[in-house]
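In what follows, subunit A forms one complex with subunit B and a second complex with subunit C.
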Partner chain A sequence: MEPDNDVALDIIITNVVCVFKTRCHLNLRKIALEGSNVIYKRDFGKVLMKLRKPKITASIWSSGKIICAGATSEEEAKLGARRLARCLQKLGFKVKFTEFKVVNVLAVCTMPFQIRLPEFTKSNRPLASYEPELHPAALYRIKDIKATLQVFSTGSITVTAPNVQFIATAVEQTYPLVFECRKIHI
Partner chain B sequence: MSSRVCKNCGGTDIDIDQARGDAVCMGCGSVLEDNIIVSEVQFMDNGGGGSSAVGQFVSSDCSGKGPVLGTGFHTSLGKESRAQTLLNGKRQVNHLGHQLQLNKHCLDTAFNFFKMAVSKQLTRGRKMSHVIAACLYLVCRTEGTPHMLLDLSDLLQVNVYVLGKTFLLLARELCINAPAIDPCLYIPRFAHMLEFGDKNHEVSMTALRLLQRMKRDWMHTGRRPSGLCGAALLVAARMHEFRRTVKEIIRVVKVCESTLRKRLTEFEDTPTSSLTIDEFMKVDLTEECDPPSFTAGQKKVKLKQLEQELAKKLDEVAGEITCYQDEIETELENSRPKLKGPYASYAVEDPMMDDSISVASGAPGEEELDDLELEAAANHLNNNFYCEILDEKEDDEEEERTATEKDRSPVKRLPLASLLGPLPTAASLGLTDSIKECIADKKDNKENSENGELDLNGIDDSEIERYILSEKEVKIKTQMWMKENADYLKDQKEKEERIAKEKELGIYKEQKPKKSSKKREPIRASTAGEAIEKMLEQKKISSKINYDVLRDLNSKGSSSPTQDEEGSEEGGSAKKPSTSRKSANSRSLSTPVSNMRKRLRPLISTQPTKKLATEQGFGSTSSSDPSDSSKPVVVESGPVLYNNEDDAEEEEEEEEEPCVSAMLLIGGNDYGCDVDDDDGY
Partner chain C sequence: MASTSRGDALALPKVQCPNHPEALLVEDYRAGDMICPECGLVVGDRVIDVGSEWRTFSNDKAAKDPSRVGDAQNPLLNGGDLSTMISKGTGSASFDEFGNSKYQNRRTMSSSDRAMLNAFKEITNMSDRINLPRNIIDRTNNLFKQVYEQKSLKGRSNDAIASACLYIACRQEGVPRTFKEICAVSRISKKEIGRCFKLILKALETSVDLITTGDFMSRFCSNLGLPKQVQMAATYIARKAVELDLVPGRSPISVAAAAIYMASQASAEKKTQKEIGDIAGVADVTIRQSYRLIYPRAADLFPPDFKFDTPVDKLPQL
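Up next, the complex of A and B:
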């Protein structure tokens, strides 16, 4: 929840995706049989384990790579990942908690005004693209921070970026552009 | 069209022969132009007495390689891969474009886009049909034709979103800004399809006005333009007394019925809908509306607020009720202490008192107050819990829980609670402090993550224990899983058995599901020249390398370099066998021979020379055999068999050291020169 410079905008983080490696081979069948909250997807070669406390869904591969999604903050993601590793440890695998990395963060932010999308796309030509036949939002990509923003005409903006800091930067950068194309109420 | 300077020798003496359509340099003899387009018209007599003009049809493509061979453009000889791709692309563009009724200008532009895409290698990893469709759609957008992406996907039977992805990528890579789609563009097309007859124009105009209104009312942002068109046309048709059902409209417009209805209801919500037809045609309301999704969002927010208020009120009411309840309880329990007194002390002394006994103690109490007794029982349980905690001193989480429960426990249990109260709180405080210190320490220790050690801070083991099933449960689950996946397990067993058998027999091969190696038939040829020819046919040699230059890099007094196109073909054949030191040295001899001949006879066009080369290859090999007696075993080892591996190896060798091979080729062969002199024309 980071406020902008001029306006206090609520940026709500809805999803944090992270990965980590256990550096040991995991027997998926064993996990599937002994865990009570697991789904074994044999076709994809992975096990889905859902935790309740930080509400997290993890995809576990036999190579030891684990992707953890569904957390609402970076710390929670780390906590959830560690819980998961502990759970696997209890099942009998010699897990190590290595190379933890937050890969993607999804946040939602609402502007107090509506936005004219065709205007917005025209003024930000190469970075913004709007295809009403395909998706109702205009897509705005910022390359250096690798952030993608979906700008809707109602004023809500969805941001995905590699970490929370970049999300804040992205919103700060985009706010003036969107402000120009806002719809002025009569 | 005459060139003034020869590219090869720089000579200015160029002879242009109109009859043959050639431009030849008199200095070096290289052909500069072939099949010159002349502006003269000549006539020839036919057999039947008539006369016809002399000439050839030249295709509008840039690849003027001369007349096409018998099989058309399926020959891989003589056509570059790039040219083939472009030709194929052009064909597809025209095919699709005709189905969409695009005019020639659009098709040409689309082909240009395609050429750009190919040069930027955007066709790699994508189906060519997708790329073609994207190019066509790009043209439609830039020209403003009323073609939808949906039409294209219908023609190709491909998912719209897949096409859309390709299209967006193409637009981004080619830096072409496609103007945004205006639903007004589609109106004439759909109106025509709906067959309004004479009133077509009027209905279209009405529909356009409606659309403009929708735009101002913010209904069009983020919506498919076809949906809006459909709604506008429906209303316009009704306004002009045409009966067009929803089904007809959706067939034309290609949206779902629910979408159409939704648009209509949204339009209904706008103030414009309340105008009569005449008023609408004349007056334009200045008021603008909010987008429908925005209003829907607002409604949700309002609903939530209402719910919250209701909840608050409920709480208040509930609070009042609980107050009354508490008061009643206290009154009643004041009248009960005699019964519970001895048991209460009993409960304190014996921490392991059975729950049933406590309940039973409550039972003899007044029956009307069942719920109160249950509460009492619950309190007994809580107290047991407290005692357990005191005895074992577990994690603070549980203590926190007990703390909250302690809050909830009624006033009656004061003496007990006060006894227990200070103890757990003091303990919990102490523990939390120590744990906080631990946390602080662990945070400083960031090496943990590097080592891979699992940081157990904040992890509740007992909760995790719950995730793991007990042994009995494991058995049950195993049974269930085995039953469900019986087929798969059977297959796996069979596979293993099969592999075991094959291993015994020694046939077992590692089955790699990924790569399917191209298995080519080994070429059987009686002479090296034939072998080269066949191999060239099979393997498409790249003609983008100027082999002559490669060769001439190290050779000393070599003759002037030949033209690229002609030399490259022969160069292809030269490159292939050039580095074969193991076998078929005769091969390598024959081709440079033919190449040298090439240089001296530049007038001859490519195809016939190929044949000549092989003939000479024949001749040279037969005469070269005696010279190669030094290595008879290696050379004459039966028919020349080529394997993929050998070729690959040769190619690799070649790429690493092309210069050396060229040296060998030309530097160390006196023989080639001799034959050259003899057979020169």
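Up next, the complex of A and C:
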């Protein structure tokens, strides 16, 4: 049976992780004391700052590198990162917003059918791996777009990839494979 | 005990049968002759026998064979090591004044493979605890050697790699052990063994078959002391449950445990969920969850020739 290409699948992006550099040394202690909504993790050498407006958690290192996680889209991630840089600027550091890069995007997609995992693993031998004792999902990796998909037997699929475009490609590539191993209700 | 004939580098005159120069001569060590197989002519005589000097007649085999020195060599795994070690002495002469032993220094043998030998010892120890046969131990050793030589997992603890190799070897031989069973004989956590397992599969570029419920039935049932009938019934139930896909997303171990529970409850030998959970390494709530999924179709799952001690409708409902 040919997979139905007209079915629109909702791919919901749940998390976007990005990094950027401020090109200046940051005094973590000062940020921890004067900043609002911050947690100082001394043994890890970083400060966590949580923003409310785009709901974002950022790890700030003293070298000026910042990792920003929790955004729901790429634009929001950039917005949040800029807002964060503005916050640091207000605290008195000479920050420059440089080298912004989205590192990882996590998206969730639900198939309208349940999936038979042992069959799926057998037909996609080297790329798919399923260890029921370790994790209930089958892991499917696509090397060229560096995407990892977790396929659950309920039909929901979790995709992580470097950017949103690759996620769409990954889902498109995987849909026919998953469609073949779907569970047909009696 | 045939004597070995080695080809010499020097051009010594080879004995040949005059009638059949191409024929390979057969050695008869008892008479010390070299005989042509084609015509039976005795070509060379008075061949020196290089077998052992005396024949060992002993009732108990391999107790003390005076013609052998040292352990059996394991050239496949070791790389052919012929160094000598000085062992701890026996008798009073080997101890000096203070009670320390003379010749304390046991020469270190094959320092390059010391870690590997250590790992082999650890593998043997682990396997003995769960009574694994020699072929699995050999396979594990081979896997470990391959991984060790590749050096891609060099940072990981050797014990973790050894445990993961043991797990893979059991799988490959068709008698898988659960991760929890391997954990029980190893000091490494299940998480770390799982991680190393995935890394090794990637490094050696192999894959393993998926586990099925039937692989564990005989072990779990005999540990619980269930008769063969119950074991066969449980195997059938678990297989049917997976075929009908009543338990999607459940680990095969949990399904097997629930099937054993159902089969034992229907027979004369009733086992509690706790007992089964103990043997299988699953929590009893997990068994309860899987049991709830298979309970509605219980009547279809039993084998047709099963003798019910407790009928299907009287099975406990949890």
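Note that the second predicted complex is superposed on the first by the 181 of 186 C-alpha atoms of A that agree within 3 Å, B and C clash if a C-alpha of one lies under 4 Å from a C-alpha of the other, contacts with A are read in each partner's own complex, and residues count from 1 in each chain.
By definition in this document, a residue touches a chain if its C-beta (ideal position, glycine included) is under 8 Å from a C-beta of that chain, and two chains touch if they have at least 3 such contacts.
Nothing here was measured: the structure is a model prediction, and the numbers come from that model.
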- Item | Fit or clash between subunit C and subunit B when superposed on subunit A | clash
- Is it subunit B or subunit C that touches the larger share of residues in subunit A? B
- Message: With both complexes superposed on chain A, which partner does A:182 reach: first (subunit B), second (subunit C), both or neither?
- Response: neither
- Message: Looking at A:86 after the superposition, I want to know if it touches subunit B, subunit C, both of them or none. Which is it: first, second, both, neither?
- Response: first
- Task: Determine, under the contact definition given at the top, whether A:152 touches first (subunit B), second (subunit C), both, or neither.
- Result: both
- Is A:42 touching the first partner subunit B, the second partner subunit C, both, or neither of them? first
- Message: Let me test your reading of the model: by the given contact rule, A:65 touches which partner, first (subunit B), second (subunit C), both or neither?
- Response: neither
- Message: Once chain A of both complexes is superposed, is A:116 in touch with subunit B (first), subunit C (second), both, or neither?
- Response: both
- Message: Going by the contact rule set out at the top, does A:129 touch subunit B (first), subunit C (second), both, or neither?
- Response: both
- Taking the options 4-12, 22-30, 40-48 or 58-66, which segment of subunit C carries the C-alpha atoms that clash with subunit B in the overlay? 4-12
- What part of subunit A is shared between its subunit B contacts and its subunit C contacts? 114, 116-118, 121-122, 125-126, 129-134, 136, 152-154, 183
- Query: Which of the residues in subunit B end up touching subunit A in this complex?
  - Reply: 148-150, 160-161, 164, 167-168, 171-172, 175, 177, 180-181, 218, 220-226, 286-288, 290-291, 293-294, 297, 449-461, 463-469, 473-474, 477-478, 481, 485, 488
- Query: If you look only at subunit A, which of its residues touch subunit B in the complex?
  - Reply: 23, 32-37, 40, 42, 51, 53, 79, 82-83, 85-87, 89-91, 95-98, 100, 114, 116-118, 121-122, 125-126, 129-134, 136-137, 152-156, 183, 186
- Query: Taking the complex as given, what residues does subunit C use to touch subunit A?
  - Reply: 178-179, 194, 197-198, 201, 205, 207, 210-211, 245, 248-253
- Item | Residues of subunit A defined as touching subunit C within the complex | 114, 116-118, 121-122, 125-126, 129-134, 136, 152-154, 183
